[in-house]
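Okay, so subunit A shows up in both of these, paired with subunit B first and subunit C after.
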Partner chain A sequence: MLLTSVVIVLREVLEASLLISVLSALSGVLGIHRRWIGWSLLFGLAGAVGYSFGVAAISDWFDGVGQEVTSAVMQLLIFLLLLMFTFLVAQDPGKQRFSGKLIVLVMAATVSLGVTREGFEILVYLYGFSADLPRFITILSGSVIGACIGISIGALIYYLVSALSYRLSLIAGLGLLALVAAGMLSQAVLLLIQADWLPSQFPLWDSSGWLPESSVTGQLLYALIGYEATPTALQASFYFGGLLLLLIVAVFAVRSREQAS
Partner chain B sequence: MLLAIMTLTVFLSALHGYRSSMAEVQQLFDSELLDKARLLAITGNGRSVGVEVVSISDQYAFQVWQGDEIFQRSSNTPLTAISNLDEGYQDVNFGRHRWRTYTWVDLARNRRAVTAERIDIRNVLAERIILKSVMPVIVTLPVAGLLIWLIVGYGLAPLRNLAAHLRSRRAEDLRPIPETRQPLELMQVITSTNDLLARLEASFLRERRFASDAAHELRTPISALKVHLHNMSKNLPAGDHDLVQLEAAVDRMGSLVEQILALHRTAPDQYMARFREIDLYQLVQQVIISSYSGFEQRDIQLELTGARTLMSGDQFALETLVKNLLDNACKYTPAGGHVRVSVATDSAGIMLQVEDSGPGVPEEHYERIFDRFYRAGGDRHQSGVVGCGLGLAIVRHIADLHGASIHLKKSSFESGLSVSVVFPGITGNEGE
Partner chain C sequence: MFSRTKKIYFQAVLVVVCSTSVNTVHADKPVIEIEIRDHLFWPSEVTVPANTKVKLLVYNKDPTSEEFESYELNREKVIMGNRKAVIFIGPLLPGVYPFFGEFNPDTAQGKVIVE
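Entry: the complex of A and B
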């Protein structure tokens, strides 16, 4: 029970803390003030609480698949925002008077959405056990451990990306964001398949034999690179397509910044 | 970072401990099941008629089989066998729960005893026991984190104070850092920094003394040179090429020496300014009168606009500033050109502006033209004017002395440079 709650909460917290740590490290690299983080965290937490209260009504939308569709939309939005962020970084830094503020808005919106989604999942999970006090204490302890591990990994990634040279920071930061964004896109596709909005297909491969998704490593990889043990062709093509797109823009971003410096 | 690494290692080791403790406790529960099964198999006499049903707690269940017949069972088990009656442990489902069972086979008596324990209750129990050992780690870590944060913050305070002390110093302040009440670890840094500051101060002093002493010493021979040249000129035909060249070179040397002396006299860390109330407009007028001949010789139209403007300043320094700006404008404006000087007051302060119609300075050189001996376009300026590149360095010294800022831009003429010196604070001004 404790281990399960550690894994579940770790997965959600890690996704959000990755977004926050990489974006705030890149803020430092690009010379943007980090005031936006506090506000977007607050917005995200408020969003998570609000979403939890409204989840009963939201679930009834679209013939009962409202929750899946809303989650998928949020993840799609995060993907698009990360794409936009990478695109803005790729712009000539000398001509960025307009995009300076826009880039902060994009980062704040990404973190707010990420925290709303992941926070909501954790709240719903904890709420499910709140009636059974002995179990709830176990679940809560596990959740605290999972959250602390997730935040610690996020903090380490932040220090790692910040400590690198300008060029390597950009490469590592944008690379990690590309992986997270592609993972989000693939999850969005999976949710839309579950909601019957996209056709369901046979899995393209099954790697659950040597790396089950439910294992700790599987869950960590799920959060880091969107690992799926049994992805469908649609999911895989969206994942790799999204990843390729972001990586291409990231390469332009690194080159344009290098030339500018 | 330290806290993140600590959290990771402590929590991951706590999880590892939890897993191994969980396995240990499960083993303990298993061995308990085995003992109970063996006990049941031994104690039952097997002679009772029919099935004896015993009520026990919900957590446990048992069945005792004699051959193919059940003769003893707990009330929460069915009449059928709850496991496949093979010796050993099994996980089975009955009574809407999942159970862990152990079957003891006594071949001599042809008897099988099956004991069962509900897995969910057993897990809760096991977790409760283990959580008691994990909980202190979860609770104490934030406290430990807070303590580390406070202690590290306290430990780094002297370093932060030292950094703040150095940051708050003026650039020319090269006094040693106080060595009292400093931690031992910092003493070495402070001693080395003080050594460096002392060496730096000595070298600055040497440089200043050398330049001003040299300039001072050169004044006399230059004056002598000029007298000899004057005498020589009487014996040579007027306009002799070599003589003209020589006179120009001696004049240049003379003005360079004067400029170097002015630069050192007006350096903010050297100059003992005597501030008093001055009418800037009148001061500019006087400087223009004294240097008007230069403009007249080159047929440059000189224009002064403004009104009586009172400000607090040093007479000698301000005269030098205006003179240098005017000399520069005169030097770089071609014959027949324009120079406009204005004194005005606005919300930013008192502004002295000198505009010329010379070739101007490219924007990328704006910052560097205040450097000593820097001349836009190299030693031989495009204008062909010979100079030493100290004029604007002196202007900056005097502006700094008065807390004024200097702004450069293109002049309002077709070409040329506009230099504005903005002095803060107004003590009073009147109409023209």
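Entry: the complex of A and C
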């Protein structure tokens, strides 16, 4: 019971915590004030509360697949926002009077959406046990432990990315964001397959014997880079296509910043 | 002229999108119903044909929410208390595909048997 809640909450917190830590580390590297983080956390929490109240109605949309569609749209948006962020970093830093504000908005929107998505699942989970007080306390303790581990891993990544040299910080930060973004894209495709909006296919490969998705490593990799043991060809092409696109833009970003500094 | 072409293009896209969604709604997919009661799946084993897309209708009769999850089926969906959920699975190769309720994994266990 306790362990289950630790794992559930850790998995959800980890995804959001990775986004927040990498974006805030990059904020520091790019010399952007980190005031946006507090606001976007608040927006994200409000979004999570709103979504958890609305989910019963949302689930009935589109003949019962509203939840998949809403979640896929949010993940698609996070992918596009991260792509836009990398583009903005690639811009000539000398000419960024306008993009300086835009980049803050893009980061804030990304974190808000991430927190909404993950916070929603945690709220629904906790709410389900709220009628049974003794169980709720166990679940809540496990959730707090899971959240603390997730936040600690985020803090570790933040300090690691921040401690590197300017160039390496950019490479590590943008590289991690590219992996997260690709994972979001592949998850969005999977949800649309689940909703029967995209054609489903047989898995392209099966690495579950080698690294099961249910294992701790599998779950951590799922949260960090969108690991799937049995992806379909459609998912894999979107994953690698998205990853390649972001990495190409990231290379331009690192080069343009290097020249400027 | 440009805007008209754009409009026609938009309409064409709309028609394609609508017709696909109509097709998916009316396609004859086998429907399998599963209930969640007292954090258990009823039935806990369902048999579905191989190489066929199947619509799972999961009714959550508990007042608490549950998350239908399966690593083997690559499916994950939150089902609120006293609500139902639609989950499409397959086409699948013959085999056994376990699923579980992520919020109550000790009791809520089941499997899809594909033949």
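Just so it is clear, the second predicted complex is superposed on the first by the 261 of 261 C-alpha atoms of A that agree within 3 Å, B and C clash if a C-alpha of one lies under 4 Å from a C-alpha of the other, contacts with A are read in each partner's own complex, and residues count from 1 in each chain.
Throughout what follows, a residue touches a chain if its C-beta (ideal position, glycine included) is under 8 Å from a C-beta of that chain, and two chains touch if they have at least 3 such contacts.
Owing to the predicted nature of the structure, the values given are computational and were not obtained by experimental measurement.
In the superposition on chain A, A:V6 contacts subunit B only, with no contact to subunit C. Using the contact criterion defined above for the overlaid structures, shared-chain residue A:G50 touches neither subunit B nor subunit C, since it reaches no partner.
Once chain A of one complex is fitted onto chain A of the other, the partner contacts of A:P134 are limited to subunit B, with no touch recorded for subunit C.
In the superposed model, A:Y159 lies in contact with subunit B only, and not with subunit C.
Of the two partner chains, subunit C is the only one touched by A:S200; subunit B is not. By the document's definition of touching, of the two partners only subunit B reaches A:V144; subunit C does not. Of the two partner chains placed around the shared chain by superposition, subunit C is the only one that A:Y125 touches, whereas subunit B remains out of contact. Touch counts on subunit A: comparing subunit C and subunit B, the chain ahead is C. In the superposed model, A:G241 makes contact with neither subunit B nor subunit C.
With the contact threshold set out at the top, residues 1 of subunit A are in contact with subunit B in one structure and with subunit C in the other.
For subunit B in complex with subunit A, the residues that touch the partner chain are 1, 3-5, 7-8, 11-12, 14-15, 18-19, 123-124, 127-128, 130-131, 134-135, 138, 141. Listing the residues of subunit A that touch subunit C in their complex gives 1, 4, 8, 55-56, 59, 62-65, 67-68, 121, 124-125, 127-129, 131, 190, 193-197, 200, 202, 208, 212-214, 228-231. Across the complex, subunit B is touched by residues 1-3, 6, 134-135, 137-138, 141, 144-145, 148-149, 151-153, 155-156, 159 of subunit A.
If you check the complex, the residues on subunit C that touch subunit A are 21, 24-25, 53, 55, 63-67, 71-72, 74-75, 77-81, 83-88, 90-91, 93, 102-103, 105-106.
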